[in-house]
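Look for chain A in each of the two complexes below; its partner is chain B in the first and chain C in the second.
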Partner chain A sequence: MSKRKRVVLLIYILFLLVPIYWLLNMSFKSNTEILGGLSLWPHGFTLDNYRVIFTDPSWYRGYLNSLYYVSLNTLISLSVALPAAYAFSRYRFLGDKHLFFWLLTNRMAPPAVFLLPFFQLYSSIGLFDTHIAVALAHCLFNVPLAVWILEGFMSGVPKEIDETAYIDGYSFPKFFVKIFIPLIGSGIGVTAFFCFMFSWVELLLARTLTSVEAKPIVAVMTRTVSASGIDWGVLAAAGVLTILPGMLVIWFVRNHVAKGFALGRV
Partner chain B sequence: MSLTLEHVSRIVDNQVYIDDACLNFEPGSFNVLLGRTLAGKTSLMRLLAGLDRPTSGRILMNGADVTGVPVRKRNVSMVYQQFINYPTMTVFENIASPLRQAGVAQAEIERKVQETARMLHIENLLRRHPLELSGGQQQRTAMARALVKDADLVLFDEPLVNLDYKLREELRQEMRELFQARRTIAIYATTEPNEALALGGTTTILHEGRVVQSGKTAEVYHRPQQVLAAELFSEPPINLMSGGISGTEVSFEDAVHFPLNPDLRGLGEGAYRFGVRPSHIGLVPSNDDDLELAVTVDLAEISGSETFLHVRNEHFTLVLHLPGVHEYDVDTPILVYIPTHKLFVFDTRGKLAQAPSRRLVRSA
Partner chain C sequence: MSKVHNNKAWWLVLPVFLLVAFSAIVPMMTVVNYSVQDIFDQSSRYFVGVDWYRQVLQDPRLHDSLLRQFIYSACVLLIEIPLGIAIALTMPTKGRWTSLCLIVMAIPLLIPWNVVGTIWQIFGRADIGLLGWSLNQLGVSYNYASNTRDAWVTVLVMDVWHWTSLVALLCYSGLRAIPDVYYQAARIDRASAWAVFRHIQLPKLKSVLLIAVMLRFMDSFMIYTEPFVLTGGGPGNATTFLSQTLTQMAVGQFDLGPAAAFSLVYFLIILLVSWLFYTAMTHDDKTR
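For the complex of A and B:
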């Protein structure tokens, strides 16, 4: 039985990894080999595709832009969501439950709905084609998510710890930074991971709100059809490099994510 | 440092948590708050600590009004029923935390933490984190943190409830010693009458947010001013029977009659309620004024080396608290003996009319 399970699992993982393998495979081939016929591994192994990306500013600046606004967004989302989640988890106030639910409903509307108002607003106040514009726009769905996850983690910390800290003489800011934040460290890790992920993969808002200066990598990738046709190899290399940051982040928070799924609300 | 409550009430959402409490705690005293769950013990402690504000009334510390002073500005410490420590800090840092906030010098912190840890027998655990410790050790850490600063007021909210029996006994004994030499006011909440008796000091009985009686523990135990106090400060609860005195005769429920003994002679005729402690009723006569009652067994509840024997006759039920193991089948007819000189007598409104005199308690 366990052997059969293992076989099934193996096949499952194999199928799951085939597209990713194919992408990796393509990124090490020349365009002629890609279009030439079926080859299961690169016969003429080349790093040319990667060289193009790391030397051509229109490519590598796409990555830098993306990383910049994604980090900015994660930072903003966390710093806004931490106090909000604390309020939701510790205090009862008029309409607190409704407000909490309303925050979540922001996630239910497709981003396309907000596209036009964002575009018009940002254009008229000179935020168009800036990193902060995309970072702010992504707060639309990342802040509610962050509040939701963090609230779950914070509610898992007994209120008596807060009180003990006050009894010991901590002021509120000191307690929050020195005691409370380390306590929910894994929650913050998980939240940062999700903010990073959603902001990294988001295409619609990022592409619409930028043109040249803050153009994200996902947008660069969709605009690579040149006069000489599609550059398959470079595109594949770009794809591989786009997966990498996500993999790195997952690697760093993998222990916390497991905890997060158990303790928090995710 | 004396602590005084003047007509303190706390009402939340139309629900009365504390109803007009007037209390006084002397410096250097050990005070027990006794009451069942929901009696208001925790609510009262939170008011005393300054974690909650009273709806009305004043709290005075050494004569100064501290009603609105936040907990941070008061010199109090508190130990909760749950084991509350900072999980991310070592035991040492946990204990040192109030001192660090007070800006005490490092050398002094080292010395005080070591000293307190030794007092609570956790000096070899200082490098560990709280979650690596057993429950008893975690609670000792919390207690050490409460004791390390010389607080004017130390609050214990049922600190031993979540510990196993042996640890409880041990810590309870140490508890009194820890406070012997201090000038602090210690307040200890518990649901168990026996714990209050073991800890001594003064006892305040709470019931449904009201103070039922407050005074020296022995005094409250031996002279409960109301039926309620007698019921609450007794485990199992005191046996109560209504009855009356007429002429030279006492009667329970118009069914059991016995001659008036000298102790009760001063009471005068009328209707009364009579109480007798479960531990005072015996299976063999102990005195010549004992009242012999024929009853049948409902249940023999054996707990370790003690037996709680539930019996009844047609008119009332009784509980006996007997040392040793006594096994009985249900409905076995037996004879029990109530020492009539150990009767508590309350009037019909529940006020104490007569308590058994201590002289006889001692001889028994």
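For the complex of A and C:
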């Protein structure tokens, strides 16, 4: 039984990794080798594709832009979601359930619906093509998610801790920062990871709200399609580089990520 | 946990409320506004009532993509949920392989959606892709760009590749939360592996499964980028899903009125189905 389980898991993991390996394989090949025939590993190993990306500002600035608005979004989402999640986990107040559900409905709004209104809204207030515009737009789905996950983690902290702290004379802000936030540290880490992830993978809104100054890497990648056909090698290299930030951040939350995927509710 | 009634808690929620309202209510009202007007330019706009809705609901193109969308979401749920549970059951519970396993499984979730499309585009092509090339070498004629069946299978396999890990990770954390005494009791009763699954694991997975079903339904119903990059909606309209039809209508043809009416109908469908799941979920919490 145990052996069969291991085989199933191994097959699944291979299924996950082979397409990624193929992308990696292709990123180390020249275009002539890619189109010249199939080879399981790069024969003429080259870093030229990566060199193109790291020397061309329009490429590497795409990465910087993406990282910038993603970090900004994570920061905004966390700072507004923390107090709200606390309120939802500790208090009953007028319209709390409706508000919670309304927040979640925004996670259900197809981004395609919001493309044009967002474009007009951010143009009219002069934020079009800025990092903050994308960061704010991504709050639409990241803030509800952050509230949801944090509320799950916070509900796991016994309420007696709050009460004891208040009796000991802590004010709310002092209690929140000094005692409560350290207690749900892993929850915050996981939430940050999720905000980062969903903002990083999103293309539609990020592309619509930017043109030059804040253009994200995912939009730059569409450039590789030129008159002479698709530059497969550079496209693959750019793809590989978009996978790396995610793998870096997941390393930090690896022990809590499973709980985070359950939105802190297990 | 009993909660204190305190309306001052609104102050804590206010920033979230304002921020999300800015990103949600203003654009939503713009959409509502478009959906009831015929707009030629800034000065000449006419109130048309529900005309756009009527037109949209009778548009065969939308019926087609709506049907495709439902079939697609159903396929996604039917494949990914059982597969995700199965994978979660095979995952190691302790040891150094656990972290590695978790990280590897999370990789597809962290890849930008257009890159997911690109990966499968490169992987599936008959000339340069391992998958397409191997299949053709084996004598299976395969071309996702020209054959409807192949396009559908590729888009589905891509989604399974992309999202099954989410279901598996959710179930994995659900399984970890089952206390060991349950398994000990089952061992004393000499319960079979199936009985353990059916009567201990599955009931305990219920709440995470509902999250998984809800997330997978919403996201598969809103899918845009991956099939757009992979097949561009083709061959013909075979893999043109709702979001893509909508974007074509709004940005391509600039039919703002019908597109807005369609947006609202689209949103309402997702809301309705998600509400059903949500009610089931909170109902479960109440009875426990």
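The working rule: the second predicted complex is superposed on the first by the 259 of 266 C-alpha atoms of A that agree within 3 Å, B and C clash if a C-alpha of one lies under 4 Å from a C-alpha of the other, contacts with A are read in each partner's own complex, and residues count from 1 in each chain.
One rule holds in what follows: contacts are C-beta pairs under 8 Å (C-beta built on N, C-alpha and C of every residue); 3 or more make two chains touch, one makes a residue touch a chain.
Worth saying up front: this structure is predicted, and the values here are computed from it rather than measured.
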| item | value |
| --- | --- |
| Room on chain A for both chain B and chain C (clash or fit) | fit |
| Touching partner for A:Glu163 - first (chain B), second (chain C), both, neither | first |
| Which of chain B and chain C A:Leu183 touches, first, second, both or neither | first |
| First, second, both or neither for A:Leu150, with chain B first and chain C second | neither |
| Partner chain in contact with A:Leu78 - chain B first, chain C second, else both or neither | neither |
| Partner chain in contact with A:Ser171 - chain B first, chain C second, else both or neither | first |
| Per-residue touch tally on chain A - higher for chain B or for chain C | C |
| Partner chain in contact with A:Ala87 - chain B first, chain C second, else both or neither | second |
| Once both complexes are placed on the shared chain, angle at chain A toward chain B and chain C, C-alpha, multiple of 10 degrees | 90 |
| Superposed arrangement (fit on chain A Cα atoms) - minimum chain B/chain C Cα distance in Å | 10 |
| Chain C-contacting residues of chain A that also contact chain B | none |
| Interface residues, chain B side, partner chain A - complex | 49, 51, 70-72, 76-78, 80, 82, 84, 86-88, 97-98, 101-102, 145 |
| Contact footprint of chain C on chain A as seen in their complex | 1, 5-6, 8-9, 12-13, 15-20, 22-23, 26, 34-35, 38, 40, 76, 79-81, 83-84, 86-88, 90-94, 96, 99, 101, 103-118, 120-121, 136-137, 139-140, 143-144, 147, 155, 159, 197, 200-204, 217-218, 221-222, 232, 235-236, 239, 242-243, 246-247, 249-251, 254-255, 257-259, 261-263, 265-266 |
| Footprint of chain B on chain A - complex, ascending | 158, 160-161, 163-171, 179, 182-183, 185 |
| Touching residues on chain C, where the partner in the complex is chain A | 1, 3-10, 12-13, 15-17, 19-20, 22-24, 26-28, 30-31, 86-87, 89-92, 99, 101-115, 118-120, 122-123, 127-131, 133, 161, 164-166, 169-170, 172-174, 176-177, 193, 207-208, 211, 218, 221-222, 224-225, 242-244, 246-247, 250-251, 256, 259, 263-264, 266-267, 270-271, 274, 278 |
